[in-house]
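Next come the structures, one after another.
Below, subunit A partners subunit B and then partners subunit C, in two separate complexes.
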Partner chain A sequence: MKQKSQQAIAVRAKNKHNFKRSIPLLIMFLPVILYYAIFKFEPMIGLIMAFQNFSLKKGFFGSEFVGLTNFQYIFETPIMLQVIKNTLVLGILNFVITFPFPILMALFINEVRTMWFKKTVQTIVYLPHFLSWVIVGSMCFTIFSQESGVVNNILKAITGETYPFLYKPVSWTAIFVGSSIWKETGFAAIIYLAALGGIDPTLYEAASLDGCSRVKQMIHVSIPCIAPTIIINLILKAGSIATVGFDQVYNLKTDPVMDVADVISTWVYRVGLQQMQFGISTAMGLFNSLLSLILVFTVNAIARKYDKSLW
Partner chain B sequence: MKKVHMLDVVVYVVLTISALLCLAPCINLLAMSVSGQTAIESGKVMFWPVDFTMQTFITLFKGTSILRSFKNSVIITVIGVCLNMAVTILAAYPLSRPYFWGRRTFSKLIVFTMLFGGGMIPTYTLVKQLGLIDTYAAIWLPGLISTYNMMVMRSFFENIPEDLSESARIDGCGEWRLLLKIILPLSKPVLAALTLFYGVAQWNTFMDVLLYINSAEKMNLAVFVQQMVQSQEALKQLQNVNPNEVIEVASEGIKSASTVVMVVPMLVVYPFIQKYFVKGIMLGAIKG
Partner chain C sequence: MRNKKLFSIFAASAIMASTFLAGCGNQNETVSNNGTATENEQGQEEGNESGEKPKITVSIYDRGTLDPSEGTMDDNRWTKWINENAPVEVEFVSIPRWTSVEKFNALFASDSAPDLILNWGIPNNWVTDGLLMPLEDVINQYSTEYKAIMEEYPAMKKAGSVDGELYYFTALSALEPNHTLVIRTDWLEKLGLEVPKTEEEFYDVAVAFATQDPDGNGQDDTFGMSLSFVSGQMIDQMYGIQNDGFVVEDGKLVFGWDRYEACTKMKKALYDAGAVDKDYAADTSGEQSYQDFINGKLGMIGLNNGANVSMRTTYTQFKENNPDGEFEIIALPSTSIGQFGGCLGGGAAVCGAINANCENPEAVMKYIDWMNSTPDVYNTLIYGGEEYATKTEDGVWVPKDEEKSKKEVYGSDYTMPVCTLPIGHTISKYFDKNNELDAICLEYLDQATEAYCNEEYPYEQGYAEPRPALDSQLSVILTNTYSNAADGPIKTNLAKAIVGGSEYSVEQAIADSKKACEDGNGQKLVDFYTDWYEKNKDSLITDEERYAMFVKE
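On to the complex of A and B.
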């Protein structure tokens, strides 16, 4: 008993000491506290707009509270359900289809023994990550242009006809997912390459002594060793299913495909900021944030459940 | 003779094709931007310029406000990165000190902002109430710290041997001097990597400009290029500048040329700093 209370006193003394010692650090940290309070936490308070018939003139305190009416409106209007569906369809397609590519690329780069080739390939495939969606969008419009694009030039030479790739829903969706693969595969491979670089070489030696071919070593040594990294990435990317990037859609969209291309972020921008319907667009945004939060926690919980059976 | 392994063939072929696929759209864009009007419109341009001409660029620089947008992008990027780096250091350093009061609470709150946030509209109303609309402060302030980048920097600071700072402290070194004279000079790789990441993000910033900047003369290059690519309006404006002069440029050509103007600074800097960002990502990977 006595010892415990003495310990408590010691801890308290240490904390006090820490506080005194931390004063210069806290002064240094003050702009950071202000930044997070103002630009990160204040907007969370601003989410009460989702429950209001908000107008900028009246502000948070003057605007009338309407309960869940905004949410009710969202789930009863077909256009909005369509927007939510589009977001999930594009998000899931993007997530599922793009996910394996960086892993394959890392496994392949890892097999290369010629240093100059390895370095050159890495330099080139990392590059698209640094180009903004404005540029990638512009490239897509140039390449798939019906009159002068490369793809249609080739198509015309073979079949004699051209196809409006960016103006038909199915081919547009394919271009959307393809552009994600093109832009992010190389860069996302870096993290797997780091994991592959950390594998103990004796594992490969043992496998090779047991008569494993290089392909078998890849399957039975490389992949299981980077499995934890794959799972972490899976959890981190899960949230992105519900948040299809604004820049990507905005820079690839064309009018005829708006039925499949209008996602929550572009809808919120159009209705919230261009039509000034703050209440309902905030409600949509809040729904979106909650959805991605739930996705992250769900995937995390599933991963934890299978923790032991995976490795 | 050494037997060529099947796996090697597959690996080299697949990687060569991937690399070519990454380059192809960029080369096509460059070829388009310096090709003649009729060649582009008749669909002859692939990966090599046809009827080489610089006319498209001359028209672009004379007839549009691309130079002004370019200058704006430079201003946004240079000042933005300085602010980003300064505040990120101020956040990462205290959080990396084990004796920092409230360290765990602050860390938890900050990580929470990565998972959940107010979103587009509440942030917009905040910026509006602060009176920042149509100023570059609206671009710089809401994105002052990238929490992910800050975490990378913090873990780098944490891995600097404690003995160094301890002995400096015994010599009477205060926190500020410790940070400036010991920690920062030892952190050059992470500082270089994060400067690059912030720089690219600022150069490419698009949505924030769209949201917060109204006047055309404050637009950055990203928004300018997007308007060039997606709306015919911008191209019409171009023709209104010199109505008497017949402009002999293909619209695809002018779109490509404006995109090239935005890509080139990146391509010039990229090979020099490539080694740093790989290090930067690795640091994050080790932590994660």
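On to the complex of A and C.
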């Protein structure tokens, strides 16, 4: 008995000591907590606008509550459903098609043995990430335009006809996804390169002693070793399916393709910021976030089936 | 040793925390410092004789173009000049020009919007939300100058009213040309064509310009017309489409479907015939078409501010590239819908309102009256006054040192509430007829005035027409259906028809658009508009009132 209580006292004392010892760490942690409280959680109060007929004059607490009217309008209006559908189509295409590219690029760069070449390629491919969509957008317009675009010049030389790539839904979507690949692949590859760099070289040595070719080493050593990184990225990326980037769409859109290019973020910009309908645009934004949350959980649940889940 | 480490961690976090806090604190301090600084200066300059001036806050656009050595838009030589001369003490609040509405929204939400809100165009939502003060009583009680101008030009009151109640200040300026249709007369002559008077002639000229090699270089590298930005809008205007697409027909406010159909057919025909740059949809600012024009590759173009001071640049650049080229400003060709005057600038333009929380509307009114009391205020802020410019006998202010004026004279945004029509300011006052280039610009201004400021052409949609305030539901319906300013279904379908070749006809586009409007509950909006027009048509601006704002010889 006595021993036990003594043990308990010792544990308590140790806890107290631990707490004391970590006070400086906690103090250092404080700004992070504040950051999240002030910039991430406090703005969430604004979400009540989704259930209000929000008026700037009356504010959060004075505006009239309208229940689910805003959501009802969203799901009853064909154009809104079209916008949600566009978001999902573009988001899923972007996700599925762009996802393997950084992995492939990292694997290839990893195979390069000439150091200066490797470094140069790495630097060049991640540069586009730092260009804004305004620049990438006008580059796409220049490349695919009908009167003077490179692609159409070649096409005209061969077939004698030009094709309105920027005006047709299918080709526009291809340009949309392609521009994502061009811009983000190099940058996204960095994390895989880091993972590849961390693989124990003895694994490769063992594999090559067993007679593995370079290709087989890639398949049986590199890929399994970076699989956890791939899964984490997959789950994180799934969250961004429903949030098709505003900048990208806004800078690539042309009038004739708006029926496939109008997504939730551009709609919210138009109705929320330009028309000042904060209630309904918040409702749309909230729905968008819910969608993202569901997608993250779904992908994680699938990953769990293979024992690779994030949580 | 360990303690030392601990101490350094402490110190680091303390420093971080204090910088964070100081960051917040400093800002407040600067504000109050500024406040006292202005007060001190006031005290020194005014002495104690005039007593305390009432204090107001006024918004001012920040276009990000001010030379840093001049200070900031809320504190510089002209704000000081205003504070020295105005009967009130003004504290200016900077508003980014191109996101002004968003900024005002944020200020309203945090209860810190200025007393006098100045913006070109005020969203009706601010009225419905109760953020603005009704002006009728304020003007009747406190105003003299502004009230007098408003009584002389009834259009001001009508333009400033929302559903019959006066909320907005309007800046009255002469109704003068804005968009202009420009044509290469040397190309016309070369191909033996006449200035197009009808839509058929317009189409023929545009196609001829594109296909008959008017620049004579043996290459198929010219276009007849453009569809981007103002050029495209001028084709809309040929068919009587302006603003939001709603038009008055047989005394009723209806959506102009037939106009859109005719207009889109013309655009599609031009596109299919190769008379326009096919990449127009990527040229949203019209910059590409402007470059084509000054480089001698484009035969007709719609110019924004097309008879104003920017004509100096346009003409100079054009002549540099095409020494033998000639161009003229022409009237819009007549169409199956009628003959229209195009988009004009000026008139009674909504420019401001008073914050509902303003404590001293009398002082705000005094400030606006002061701005309108004498031409000196305007001339000083626009041209820098006699220190910077000399006035010719025609009343034109010529800068003494152009470079110096460019850098140090930037007061035009402070003059937003000034009514320039009563003080006789017109576009022509920017041009000195003794200057060769200015004399040419004056000629173009005359051409444009004759072509567009003409009482024979209907101006029912000449400039922003008053529209009713919409509640939130109707606003969303408008965005989702009839709104052609945003990327609504109508704009998309019509654009698809223009570029769609034989796959997608204009008739189909109109039918699809009508269906989209129906699905989006658009009928509710149309009914609301129709009803509103029926009730308010007598309080809208009449043609007579509009023509009163033309420049009188």
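The rule we apply is simple: the second predicted complex is superposed on the first by the 267 of 311 C-alpha atoms of A that agree within 3 Å, B and C clash if a C-alpha of one lies under 4 Å from a C-alpha of the other, contacts with A are read in each partner's own complex, and residues count from 1 in each chain.
In this text, a residue touches a chain if its C-beta (ideal position, glycine included) is under 8 Å from a C-beta of that chain, and two chains touch if they have at least 3 such contacts.
For clarity, every value in this text was computed on a predicted model and none was experimentally measured.
Following the overlay on subunit A, a clash is recorded for the pair subunit B and subunit C. By the document's definition of touching, of the two partners only subunit C reaches A:Met258; subunit B does not. Looking at the shared chain after the overlay, A:Arg270 reaches subunit C, while subunit B stays out of its contact range. In the superposition on chain A, A:Asn18 makes contact with subunit B only, while subunit C stays out of contact range. Counted by residues of subunit A touched, the larger count belongs to B, out of subunit B and subunit C. Using the contact criterion defined above for the overlaid structures, shared-chain residue A:Trp116 touches neither subunit B nor subunit C, since it reaches no partner.
Once the two complexes are laid over each other on the shared chain, residue contacts for A:Phe61 go to neither subunit B nor subunit C.
When the two structures are aligned on the shared chain, A:Pro164 is found in touch with subunit C, with no touch to subunit B. In the superposition on chain A, A:Thr77 contacts subunit C only, with no contact to subunit B. With both structures placed on the common chain, the touch criterion links A:Phe141 to subunit B and to subunit C.
One listed stretch of subunit C collides with subunit B once both complexes sit on chain A; from 7-15, 43-51, 403-411 or 511-519, that stretch is 7-15. Subunit A residues 24-25, 28, 31, 56, 141, 145, 147-149, 273 lie at the interface with subunit B in one structure and with subunit C in the other.
Chain contact summary for the complex, subunit A toward subunit C: residues 24-25, 27-28, 30-31, 53-59, 73, 77-80, 141, 145-149, 162, 164, 166-167, 253-259, 262, 266, 270-271, 273-277, 279-280.
Residue ranges on subunit C touching subunit A, taken from their complex, read 6, 9-10, 12-13, 16-17, 20, 101-102, 105, 108-109, 123, 125-126, 129-131, 277-279, 281-282, 356, 472-473, 475-476, 478-481, 486-487, 489, 491-493, 495-496, 498-500, 516, 519-521.
For subunit B in complex with subunit A, the residues that touch the partner chain are 5, 7-8, 11-12, 14-16, 18-19, 21-23, 25-26, 28-29, 32, 40-47, 87, 90-91, 93-94, 97, 99-102, 106, 109-110, 113, 115-126, 128, 141-142, 144-145, 174-176, 179, 200, 203-204, 206-207, 210-211, 222-223, 225-226, 229-230, 250, 252, 255-256, 258-259, 262-263, 266, 270-271, 274, 277-278, 281-282, 284-286, 288. Listed in rising order, the residues of subunit A touching subunit B in the complex are 15, 18-19, 21-22, 24-26, 28-29, 31-33, 35-36, 38-47, 49, 56, 105, 108-109, 111-112, 117, 120-128, 130-135, 137-139, 141-143, 145, 147-150, 152-153, 156, 182, 185-186, 190-191, 194-195, 214-215, 229, 232, 239, 246-247, 250-251, 265, 268-269, 272-273, 278, 281-282, 285-286, 288-289, 293, 296.
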